Amino acid sequence: MFRWFNAPATETQVTHGQRLWLYVFAVITMVLLVTPTLIVVPMSFSDSQYLEFPPETWSTRWYDHYFGSPEWMQATRTSFKAAFLTMLVATPIGVLAAYGLHCSKVRFIRAAFVLMITPMMVPVVLVAIGAFYAYVQLKILYTMTGLVLAHTVLALPLVVIVTGSALKSYDMSQEEAARSLGAPRWKAFLTVTLPQIRFAVVTSALLAFLTSFDEVVVAMFVSGGDNPTLTRNMFNALRDQIDPTIASISTIMILVTTGMMVLAQLFGQQKEPSKPKD
Amino acid sequence: MTDRTSEALPISVRNITKTYGRVHALDDVSLEVRSGEFLTLLGPSGSGKTTLLMVLAGFTRPDCGSLKFGDREVIRTPPHLRDVGMTFQSYALFPHMTVAGNVGYPLRLRKVPKAEIVRRVEAALETVQLGGFGDRRIDQLSGGQRQRVAVARAIVFEPRILLMDEPLSALDKKLRDQMQIELRHLHEKLGMTTVYVTHDQREALTMSDRIAVVNHGRIMQLATPRDLYERPANRFVADFIGESTFLPVSRSGKDVLYDGQRLLCEVPQIETDNLLLMVRPERVVLSREGPRDGVNNFAATATEVVYQGDSFLLHADLPGGGQMVLRGAMRGANVTALPAVGESLTLCLAPEDTVLIDGSER
Amino acid sequence: MLAARINETGLRRDERLERLKLFGLGSPAMLLILVILVIPVGWLFYVSFIGADGTFSLENYERMLKRKSYARIFQTTFEISFLTTGLCILIGYPLAYFISGLPTRIANLCLITVLLPFWTSLLVRTYAWLVLLQKRGLVNDWGISLGLWDEPIKMVHNMTGTLIGMVHIMLPFLILPVYGAMRAIDRDLMKAAANLGASPKRAFWTVFFPLTLPGLFAGSLMVFILCLGFFVTPAVLGGGKVIMVSMQIVSNIELFVNWGAASALGVVLLVSTMVILWIASRFLNLEKMTGGGH
């Protein structure tokens, strides 16, 4: 044990012993980062109103309450539907935009790119109230259409950036080869380019899904009436008091988002384009 | 595959210009490629050779000009309708398809029936000596094999014109030399008009029927390899192809003089003030017995002697201020006694090896 | 000698058409963003200059300068943003440094502890802190049983709770760019510094740290800007006592339906964000950040 203390840990020959404070600090920080997220899971099985940890009595009453409540179920359905639709709309639009930006030789490309990432730069509150007013005029307030459109706008920058970065490291001469062999540009894209950036496309689709699913502020203003989302209801419930049902909903949300994240990471591991063995 | 020399198409390039801002990538280029010919575009990087090839393929749209394949004007035809075979420097093989998938791709696009696709793909692979490789994945192939798949894919749909963009530049020397010969044989067998781009002059000399030397977006000279080597049109071509040293010469009436000495050579047809004598190192002869009759003699002092295994290089200063380089084979008398530095020698140049060129670069 | 310019007009037309087609691929996206975002926000700008009587007026902006409550809101917002950013740097930088020194496989595992909260819903994380920090929550229970304090400390519905929550949310935004910058540093540089005579401390501050500055700057910038406009966490953990600009905007609409006031605040928020971004873009290549990232 003491030998390890004195072993060098960095290029500058600082020993482990001297860096112990760093190790302790880092471990504590990592624990603190993960714990709040994970701790909700066991706490949601606590029987008590105050969500103990570790739970004194285990029960699923908060889950029963959640699944048994028509309002919560309806909100959940709405959230899933909106997220799914957002994914379906944002992904193709975003991928096309990324491709157009990548191949385009127009001089306004810089400006177009800035426009694409504007939703990321503008504070969400403004997007929310702006959309709210616009929807009142267009009479699509509180509709699924309005919600999906707004969420699509929020998700687009992510799709464009992720797909765009995949296109940057893609060898465009393959598309040129396909075109020289007789494929018009769109066919070359579909049969040659798209299969090779599919990992990025899948990742951006999942990102679009999550962006919509987790979104709170815009949903606050734009969903409601018949179509409140899960997050909207959760937020309203939180403002008043700590409803323990939210713990069970949170656990389910953690499962959904973690599942998506794992999927994204799995698909995100694209094989390195292999070099020829000579 | 059938012998289709009669079906190969000639290419007519007329007044093609392409500018990027102020830069002329192609400057009013005109060129005729004969039917079935193997023509190489040779030049340094940035010379415009690849740009010209891309114009032929349809990926670069020139500012103006005409391009004809046979009788058909194709300058405004999109790439996928030009029906030319093309290989890319990076091979551009599709990693998500097998070898057969890659080679069959153009046939699938042309709605060829499945059974025939299989037959033709295998035939194409046989032609490039990769018979039976159809099921392999691209990442399982070596560099040389990938190159052949790229060629197979480009010829499987029997195009009448083949374009090749530095296909051998990524291979090591031995493989490159082998592939040069194979590609040449392929051309002789299939007979399609081929336009080949390279910066390697030796490659160009080996493979081509004719070579177009390109620089600064213009064609410096279009000639057979032999003519290019023996009678370069200007200094750039002379410099780019083979090694040589240059000596300034002057004219006096019908005579050509170097350092006051009259040279035995062909009467120059070139109209220029800047006339140079191009000296190929392998054409210079070392004379130990002093000046010889019937040749141009140059008194020289050896400044450097370099042994290079199969040959030796001799650098010598001439009294007029110029330099000459001689490359001599290592055989016979040479082996025992290479000249020493400082030794006075006579260097001889036969009249037929005394080539005059235009010293201006354009 | 003028060369014939054959086919010039036709070719130019083809070029234009192709450019248009490619640019047009991005048009659904750009159209959507214009309609849902740019135009409404533009309209908000306009509205901010309309007074209660419907004519052009600066009263919305004047109100912000005059009323003390607004001053407090701005102060709170900037305070929280600065504090959060500062805390994130203090906590996040050492962690990033630690992970960047680990072999890749282990480092990726450690990164999951950073990425997991990043991916988890904002609301869920905020809720988790609400539960943990409440009077009868975990932190108080453990603090008392360990003898650290006697009475349950009030940690929610105040500044403390808000800060804790914000820092937890924002940490990944700082750690990831900094980590990226650290990973990109050639380790041989530190060896070179040591070889040239620098003590470990010196080597760190004169070689390593400056090289991480771009990543640090990018991360801090992102955190700061996000904090400025943040809504959910302060709204929940602040319990109505800690009011940030975003919350005021929301209540202006929800409660008072005062579009003028709300939009004026929004304009200020947006303009400050843009100004900060613009200043930062002088020092950073923003496109590289968003284009190469993730």
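In this document, chain identifiers A, B and C correspond to the written order of the chains, with residue numbering beginning at 1 in each.
One rule holds for everything that comes next: contacts are C-beta pairs under 8 Å (C-beta built on N, C-alpha and C of every residue); 3 or more make two chains touch, one makes a residue touch a chain.
These figures come from a predicted structure and were not determined experimentally.
With centres defined by CA atoms alone, the chain at the far end from subunit A is B. Chains A-C form the pair joined by the most contacting C-beta pairs. Centroids built from CA atoms put subunit C at 57 Å from subunit B.
Mean C-alpha position of subunit A lies 16 Å from that of subunit C.
Looking at the complex, you find that subunit B touches subunit C at residues 14-15, 17, 28, 61-66, 75-76.
If you check the complex, the residues on subunit B that touch subunit A are 57-59, 78-86, 88-90, 92-96, 105-106, 109-110, 138-139, 141-146, 153-154, 157, 163, 172, 175.
Subunit C meets subunit A in the complex at residues 19, 22-26, 28-30, 32-41, 43-44, 91, 94-95, 97-99, 101, 110, 113-117, 119-132, 134, 136-138, 168, 171-172, 187-188, 190-191, 193-194, 198-200, 203-204, 225, 228-229, 231-232, 235-236, 246, 249-250, 253, 259, 262-263, 266, 269-270, 273-274, 277, 287, 290-294. For subunit A in complex with subunit B, the residues that touch the partner chain are 171, 173-174, 176-185, 187-188, 191-192, 195-196, 273-274, 276-278.
Residues 9-14, 22-23, 25-26, 29-34, 36-40, 43, 50-51, 53, 93-94, 96-97, 99-101, 103-106, 108, 110, 112-113, 115-134, 149-150, 152-153, 156-157, 160-162, 164-165, 168, 210, 213-214, 216-217, 220-221, 231, 234-235, 238-239, 242, 246-247, 250, 253-254, 257-258, 260-261 of subunit A are the ones touching subunit C in the complex.
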